[in-house]
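After this come two complexes, each holding chain A, first together with chain B and then together with chain C.
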Partner chain A sequence: MSKREFKVWRGDAAGGKFVSYPVDVEEGMVVLDAIHQIQRQQAPDLACRWNCKAAKCGSCSAEVNGKPRLMCKTRLDSLPDGEPVTVHPMRSFPIMRDLVTDVAWNYTVNRKIPPFTPKKDTQWLMQQEDVDRVQEFRKCIECFLCQNVCHVVREHDKKDHFAGPRFFVRIASLEMHPLDSLDRIPLLKKEAGLGLCNITKCCTEVCPEEIHITDNAIIPMKERVVDRYYDPVQIVIRKLTGKDKKD
Partner chain B sequence: MSDTSLASASASGGPHGLGATDRRDSWWLGPMLVFLGLVAFGVYSTWAAWTGTDYLLQSHGAYYLSPFYSPDVKDLFGIAPPFSFAFLILWIPLGFRATCYYYRKSYYRAFFLDPVACAVGEPKGRTYRGETAFPFILQNMHRYFFYLATIVLLFLWFDALRAFFFTGPGGHLQFGMGVGSIIMLLNVIALSAFSMGCNSFRHLIGGKMDCFSCSGAARTRYKLWKGVSVFNLRHQEWAWISLFSVGLTDLYIRLCCMGIIHDVRIF
Partner chain C sequence: MVIIGAGGAGLRAAIECSAAGLKTALVCKSLLGKAHTVMAEGGIAAALANVDNQDGWTTHFQDTLFGGKYLNNWKMAEFHAKESPDRVRELEQWGAVFDRTGEGKILQRAFGGHTYRRLAHVGDRTGLELIRTLQDKGIHQGIDVYMECTITRLLKDGPRACGAFGYWRETGKFVIFKAKSIILSTGGLGRCFKITSNSWEGTGDGHALGYQAGAQLLDMEFVQFHPTGMVWPPGVMGLLVTEAVRGEGGILRNNKGERFMEKYDPKRMELSTRDVVARSIYTEVKEGRGSPHGGCFLDISHRGAEYVKKKLPSMYHQFKELADVDITTGPMEVGPTCHYAMGGLKVEAATGATRVPGLFAAGECSGGMHGANRLGGNSLSDLLVFGARAGKGAADHARSAPAAKLEEAEISAAADEMTGYFSREKPENPYQLHVELQNTMQSLVGIFREDGDLKAAVEKLQEYKDRARRVGVLEGNRMFNPGWHLCRDLQNMLICSEAITRAALLRKESRGAHSRLDYPAYDEYWGSHNLLSEDRNGVMDVQPMPVVSSPDLQTLVDERKAKEKK
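After this line comes the complex of A and B, so read on.
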């Protein structure tokens, strides 16, 4: 068994700092194990959110050595040896205490998205090729790491005008659904602020479910917004044929 | 919370200052390589287009046309502007790449530092509008550059195939192959692989549909969409491979024209 130094951010909305803790390291340990050991042996009041420890509940998001990660999916042997491991709460959300942030903004955004609404007299039969594309998006565990890393939120603080990558994924899953009847393209362009995304792909880089957020959700949605609002030929064709709804 | 805004929670995001991060890996390496790669290509291609010379190799019966000078509008249509005619064409591939989703990512990061890398701070005091305002709102015209670039690509295919025909002693064209023919063919394959992975193309070919199984036409488009998706997955790689291949093809032809190297005829 070896020892390793952990620098864990401690504090609340008023401020805080990194506090050092030595941790006994065993083979196969993940960062969340170390946090639990610190709670058990040195700091019982250390606040941290977790549930499944299997990378499926999306609760233990934090920034390990500066990178947005799930603590339960970050093995210690994947981090550089011989230097302390830093654990900081997600930087884009208000801090509650220690590693716990208030992610309520995400739920507020979520409620604004009109849910799945089937067509009238839907035949509830789907082909696999129609399911595949949306199934990727269903893997989302709502860890909000993508929301946290996105510079539109993190650096430009556009929470009031931007839904964020997690919700572009959700909207894409509804828009591409063959049995859904609603049109969320105006929502995407206006309230959800899809145009604020500059496709720099940090959301994709951090997604623990490896969803191709940018390539498979955001860019296809941007192209649909182009169809509707920017492509002059399509706009003229729609005007001429009187077809102003989605295909 | 007003009904048109998405949030009410108090914000804790905000500018952290350029380079502010807890990351300890070499996050600056990627953007630096992109910066150097794009600057190097920009300088070389501008110079190569500017010269207006050494773009067509015709020695030993060969006919190798530099991709920067294709189509040869001077030869084909007699268009001879007071500057190098390459500029009459080059805005098309330039516009195609400048509005390409992959290149956008790379230059927003490497040139505009917006963001320079993930979870790394940006310069303070900038107004951010993303792609909602001029000039970046023009990125929405990417598909039109795709259409134009596809026309240019057809000319490049013609040039690459033409490079396999050599003028024989009696003035007849003979099938043959030189190192230059192979280089030109590989280049046009790389350029095609780049175009095939274009996100706008992927949308237009089938991605815009919600139902892939609803008609015979939809099923065909689904298959095409699947094919395009294969190239799309490697769009970044093809972007760089084709950028270098196009520069190196010009360089090869240029050096042959200048007599610095000699094309080897294989048969």
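After this line comes the complex of A and C, so read on.
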């Protein structure tokens, strides 16, 4: 059995540092296995979140060698040999302890999104091809890696004016639901701050569910906002029909 | 109202309670939406008859009883079969997006033990869809969610349950919830075993909290080993491989290439009930016909890459990323994994009430619905049907219950227990004790059991209980300390493990998920009796009780029994 050095960030809101731990490496091992081994043998109080260990719950998000990953899905043999593996908590959220961060902001944003509201007298029939896109968005496991890596959150800390990629996906899943009746375009333009996104696709790159966040959710939503607010023909039509007052 | 556990059952119960106008607190150990329900993959069993129009509640009821080897609470199985279609439709109305039939209805797939194609599903991530839908419904309905809060004890006012004591995982500070009704919906106990599909949360908390508060445990000997868990690499051993792989046509083979289910259940083959398939795989491995890593082969590649990726996307990724296996081109290796507790708190079928006034239970931590073996797909429907029923039952109780008062002495005892883990002189390592407990349960109380092993396990458990009094915090403070958490979890796992082992020792027959090498056949007496465990002055007492039957359902049961004999 070979050994591998792990440098795990230990600390709390007041500060912390990387601590080295030697780990016995087994075949097929993932980073979360190593963290568990460290808990069992060397640091019984090492705090981390995890649940399913199968990339289905999105609890064990962290930055492994600087890259946002799910620890349960990151195999040690995919990381460069011969150098320590660093594990750091997600950087865009306040630290609670060790690898655990305060992700409460995400839950606050979610509460502000008006829920699915079906059309009146719907027959509850939908064709598969009409729900494929919505199902893609509903694959989201809320690991918040996309939120963590988004520049608007990470560098500019615009949490008060921006919903973030996770919730653009959520809003898109509702807006594209064939039987939903609400209009969330004003929300996207204003409170959700969709315009702040400059489509660098960082969110898409880190999504463990391989949701095409930028191409399939954000860009179509941006188009809907543009159609509504900036298309001159639409503006004239709304002026004539008096329909722009609601915004 | 306090609901402990925010998986499918807890969320559904919370929605019911808050819809009834009650102030509802939902407390969970993890973040909201991370509960083990997300691991349910294959689907929700409900006789919607969208695909096979002959289906109906009577067949679903009969399938459930046949799967449970007639030890189910008949009334629960009836409510479940009758109400699950409405619960599924309701989910759709709350925003769930199921896979569709050609006509645009909810698509249903085949599953083990179900006569007809019955499982409403979303690819192989149905549990995620369920929990996300309930979560979004719940938070917009005014439920107060208390995340990362662990309940360590129920508080009582005389015979009544009236509160819960726990702590915030972030700060380690204690918290007390006062309530007129409490619902336990904490899920399973798979962490008692070494090879399990359960997350760290499956430590039998509700089972143990309820038991300690005076409720009874039912059918604890019946622990379901899901036939198909991953067996390699070591880190993911036990991780679930959905039954949907077999539902979509997956074939099981041994290392000789034989389709061995032909020997064990030629009629149902791979879609036999889980107890049968798990034992068949175990037997093949034991007799030397296993795969390289101690399992067998499960092959779905004949369905074609595109189909597999569409219908089983997370299985495709799981094997590709974790085991370097492409399931669209070759077989995967699988073996049995501890998956589900049929046993749980004994409840009233209609309301989820335990015998402790004010205390209710729903979902996996309750017992009776599934008898000796649960059918795949019946757990998600169970969560919805009995989550809603317990929610209503608890709400009705809360409306008529007088105000309760909390006992100072109980609160300080609960606090002392938790701080005590910090003041052991030479603390026992909780991680080490947990590993030993898991090994014991796996090797002595696993798929096949016998008298000598079970007696040895009882002795071991006594030793572990003594040691569990000495477990303590080895390092760190009260802030988000997993070692501290495990100290308390161990107490719950030990209660569950003891109940499982004692009941298994008493049931001298093989039935459903309980297989005795020394009593390999059915026994007539045991075919009509459940086992009930309760605390009598600190000692666990296990007694048989007759199955809860119902005269109006007798014809349906007799009809099915006669059909099986043919």
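Here, the second predicted complex is superposed on the first by the 236 of 247 C-alpha atoms of A that agree within 3 Å, B and C clash if a C-alpha of one lies under 4 Å from a C-alpha of the other, contacts with A are read in each partner's own complex, and residues count from 1 in each chain.
Rule of thumb we're sticking to: a contact is a pair of C-beta atoms (placed from the backbone, for glycine too) under 8 Å apart; a residue touches a chain by one contact, two chains touch by 3 or more.
Owing to the predicted nature of the structure, the values given are computational and were not obtained by experimental measurement.
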Problem set entry | chain A residues touched - chain C or chain B, whichever exceeds | B
Exercise. When the two structures are overlaid on chain A, which partner does A:192 contact: first (chain B), second (chain C), both, or neither?
Worked result: first
For this session: Could you say whether A:51 touches chain B, chain C, both of them, or neither, answering first, second, both or neither?
Result: second
Exercise. Where on chain A do chain B and chain C both make contact?
Worked result: 102, 127, 177
Exercise. Touching chain A in the complex: which residues of chain C?
Worked result: 30-36, 38-39, 89, 92-95, 97, 99-100, 103-105, 107, 122-123, 125, 127-129, 132, 136-137, 139-140, 145, 147, 170, 199-201, 232-236, 239-240, 314, 317-318, 321-324, 429-432, 435, 473-477, 479-484
Exercise. Of all residues in chain A, which touch chain C in the complex?
Worked result: 12, 26-30, 32-33, 39-41, 43-59, 73, 75, 96-98, 100, 102-103, 107, 110-111, 114-116, 118, 124-128, 131, 134-135, 138-139, 141-142, 174, 177
Exercise. Touching chain A in the complex: which residues of chain B?
Worked result: 1, 4-16, 21-25, 101, 104-105, 108-109, 114-115, 118-119, 121-122, 128-132, 136-137, 140-143, 199-200, 202-204, 207-214, 222, 232-233
Exercise. Once bound in the complex, which stretches of chain A touch chain B?
Worked result: 63, 65-68, 80, 83, 86, 88, 91-95, 101-102, 104-105, 108-109, 112, 127, 129-130, 133, 149, 151-163, 175-178, 180, 190-193, 195-202, 205-206, 214-215, 219-220, 222-227, 229-231, 246-247
